[in-house]
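So, here come the structures, one by one.
Two complexes follow with subunit A in common, the first pairing it with subunit B and the second with subunit C.
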Partner chain A sequence: MTEQEVIELIDSSLAEEFELDRVDMTPEANIYEELGLDSLDTVDMVIVLEGAFDFKIREEEAVRAIRTLGDIHRFVLEKVADQN
Partner chain B sequence: MHYDSIIIGAGLSGLTCALLLARSGRRVLVLEQHSRPAPVVRGFQRGGIYFDSGFHYAGGLGEGGPLQPLLRHLGLEDKLQLFPYAADGFDRLRIASSGEEYLLPVGFNNIRRYLGEKFPQARSEIALYLDEIVSQWRNFPYLDLNADLADFGMETVHGCSLRERLEVFSAWPELQSLFSMHSLLYGVPPEWASLSLNAQVAGSYYHSVHGIVGGGRRLVDALLVLLAEAGVDICCNAAVSRVLVGEEAVSGVRLQSGDEFPAGEVIATLNPTQLPGLLPASGLRPAYLKRLKNLRQTPSAYIVFASSRQSLEFLRGRNLFMQPRAGVFNPSADQPLEERSFYLAGADQGRDGAIKGLIGIVPAYYEEVSSRQIPEPGRPEGYAAWKTGISDRLLQMFKKCCPELADLELLELATPLTLCDFSRATEGAIYGVGRWLGQYNPHPVTRLPGLFLSGQAVTGPGLLGAMVAGYLTCGSILGHEHLRGELRACR
Partner chain C sequence: MYRVAITGIGIVSCLGNDLSSVGNALREGRSGIVIDPQRIELGFRSPLTGQIQDFDSSILSRKQRKTMPDFAVWTYASACAALELAGLAAEAIQNEQTGLIYGCDSSCVAAIEQVDALRDRGETKAIGSGQVFRSMTSSVTMNLNTLFKTRGACWTLSSACSSGGHALGQAADLIRLGRQERMICGGAQEINWQSMCSFDGLGAFSVRLDNPPAACRPFDADRDGLVPSGGAATVILERYDLAEQRGATILGELLGYGFSSDGAQLSVPSEDGLSRAMIAALEQSGLAVAEIDYLCAHATSTLAGDAAEAANIRRVFGSRTPGISSLKSMTGHELWMSGASQVVYTTIMAMQGFTAANLNFNKPDEGTAGLNIIRETIPQPPRKVLCSSAGFGGTNSSLVIAFT
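Our next item is the complex of A and B:
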């Protein structure tokens, strides 16, 4: 999977599962303030990413530190790289 | 009538929620689709014998135990008569292949001493393992009144599995049996159960073990008296077909009959996999609804209710866990019935009379019986014969392992289909949604204002799980510090 494909899979999965508008989904967008997620959504986000990429996310600290969509991209790209 | 809070489901967690919310000043309505409240915990009578079908024995009710403040706070302590299980062995393990037997005494120190004597080579490993259980078993909100509420449950998602932890005892498979047998009490196989889940359930029994004189029905009766005093309305034969959602918040429920009840708070205690079917499409995010639908259920069971002409003294004050061969308990759908582990308990104990009823629980799987699922009335023609065949096999199996059960007569057999139809358990799951490693069980709070979850899926199984679920949900509504403060005063 190329970097671009990974990012596309993240964005399309989140857009579908959280009913987000793709127009708003810029890497700089704050997922809580701009995309309207809240702390209760965090677990669902983890489950969506686990399902899309078939890995387990155990990095609770790192997940808690996520603020922007770009943070999610970087987090997943690192995990995908680790897997390979 | 306008209600502040509507609770879907009159099981133990629903009734606990109802009592706590009513005492905080809310008008509360409980809706139950069955004809009577708490149908599973209430048990039933057959052949003059009372049988429990939901509650069998409870841990953590002894002096200083974490359930004590909860019962006291609810007002149940004075209304229930408890009796202790046998101190020298509340559970007996019998291994069929070798005929060996072990007793598990009550109390961490007694267990340590007894097992240390039986397995002197493993003494230090036993001590380490039990120390771990001691440090973990109360580590849950409302069991430990100071536990951190933010991250509860994470250990059961990512922790070490019970099977992994018990590898250290591979030279002593009997110890693996003894330390994993209580997985039958929460339904998640040791490979998928976190050590902390096992600690929460098994640890409560290691601490103290009690039964209720008169069984689960006495608990239900006592709760109903308290609920009436608190002004809670309970409506039975009332199946909810829809949770109504107004302007971005819950607005009430609609019943299958078409009746509607408005309310600003709805607490759903049903199996959470059934909740998405009650919600309008726009109520919650697809990610969350999918997560609820995909929650993994615990296995189902065959439950035998039989009578014995002789008093079943070997089950007085202690249950029997039967395992074909020593080692970590490993229930699976691939095993023929005769090779499964099972659990036996004497019915209606706590009185001085003879124990004439036997309850036998054997793990079973919905896929084994799903082809026979036809809505009642009108099971297929071969159904009765099939059920008789299963009963005969189970009774044979019990008698073979337990010569004490020479003259058993079957009174009733519950199959996974019974659990499906009677308890409305998805796939007949005996403990509902389990806490499987890797699975995020739902939190009591949802994103939809006014909609809350409760029940064993948010905590764990049993009397303890159901009551703690009630507190956890009501704490989310009324404020955890408020409720925990009241509980501290009940210690």
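Our next item is the complex of A and C:
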């Protein structure tokens, strides 16, 4: 998977799960303030990402630190790189 | 004590999802009972059930529905319709004087799904965020509270098949006592095989499969059991003076609420429990027994239950009963919702000018004799009404309503 493909899979999975408008999904977008997620949604975000990439997310601290969509991209790209 | 007006109603039921189609079904005596083939495959004794059809759950977003079982979404739809009929806009209910009480006594599927998810995935975080909110019996009121942003009373009441009746009664009491100005109240009942399998196992359901609309036969000598059903019903109750002041159309007045319990058996109702609730409701209403012109009965079509209810009715009314029908002959038994849906159905009849019949009643048996059962639709509306519901364990609710 290229970096662009990883990002596309993240964005499309999150857009489907949380009924987000792709236009709003810029890397700078704050997932809470701009994309309207709440702390419960992050539980489901982890499930969605685990399902999309077939990995386990154990880094709870790192997930809690996520603020923007770009943070998610970086987090997942690192996980994918570790996998390979 | 304040008077209590009914200013709005809404319903999602096996008879339809709006007041007009439900009214037509009640008037025409059209049953909402079907056979669910899956229940046959699963080993149910009876596959008969009510069924919600053509319901559009996209009225809420996927995120909103994540914390809601299907019956909570039905409840939201019924509440939106009721609020619209009452002419109450969003800002009129976003205050401390507006409350929510619904009757509901289970949320079965979410409880199963969360256990299955854990067993399947081996970690609790794989269950997802919605199930804890979906699995509680208070799921309806907690979700409606966040959707409507009401700020007063907010709880769900559980008393088996009288849950909806007690919810309306308690909501009326809060208004009567001046503790709330308006209440969004009602009942909600899931329809799925998971929630009904153990009840089916008791052998209490009708097995008249050859003709589903004839299966539920309240008070009839040939009755052989109830038919499970469900949906959601909402009633808007308001302080009468305030409803008048704002120019609301007053659909009816809830004059009295009576409750009682049997103190006897779990599944067999006593011969005096329900009558004590009826008498208490009549006493609060200030109406004489003879003034009641319609009794919307609880009768579910079970052998023992209908006979016990008939005994209770005779205790209150003697040999001259008002016209009586059990609408479960069309809807099946809406269980937790039934005490509230009775009020919605009766209000629909008052609005649309008819009184619905007790379908499938040919002749009484010894236990159900002496009742004035309505066999065909009457082209006049009910005016002074008694609605009764009774639940497992012997918990009884009666409501007296006047329509003008």
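Quick notes
Basically, the second predicted complex is superposed on the first by the 84 of 84 C-alpha atoms of A that agree within 3 Å, B and C clash if a C-alpha of one lies under 4 Å from a C-alpha of the other, contacts with A are read in each partner's own complex, and residues count from 1 in each chain.
Heads up, the rule we're going with is that a residue touches a chain if its C-beta (ideal position, glycine included) is under 8 Å from a C-beta of that chain, and two chains touch if they have at least 3 such contacts.
Computed from a predicted model, the values in this text were never measured in an experiment.
In the overlay built on the shared chain, the residue A:Tyr32 is in contact with neither subunit B nor subunit C.
Considering which of subunit B and subunit C touches more of subunit A, the answer is B.
Applying the stated contact rule after C-alpha superposition, one finds that A:Phe55 touches neither subunit B nor subunit C. Shared-chain residue A:Glu19: touches subunit B and subunit C both. In the superposed model, A:Asp41 makes contact with both subunit B and subunit C.
Across the superposed pair, subunit B and subunit C both touch subunit A at residues 17-19, 40-41, 43-44, 46-47. Across the interface of their complex, subunit C is touched by residues 17-19, 40-41, 43-44, 46-47, 50 of subunit A.
Residues of subunit B that touch subunit A in their complex: 151, 154, 158, 285-288, 290-291, 438, 440, 443, 445-447.
Put simply, subunit C touches subunit A in their complex at residues 61-63, 66, 125-126, 128-130. Note for the complex: subunit A touches subunit B at residues 16-19, 38, 40-41, 43-48, 56, 58, 60.
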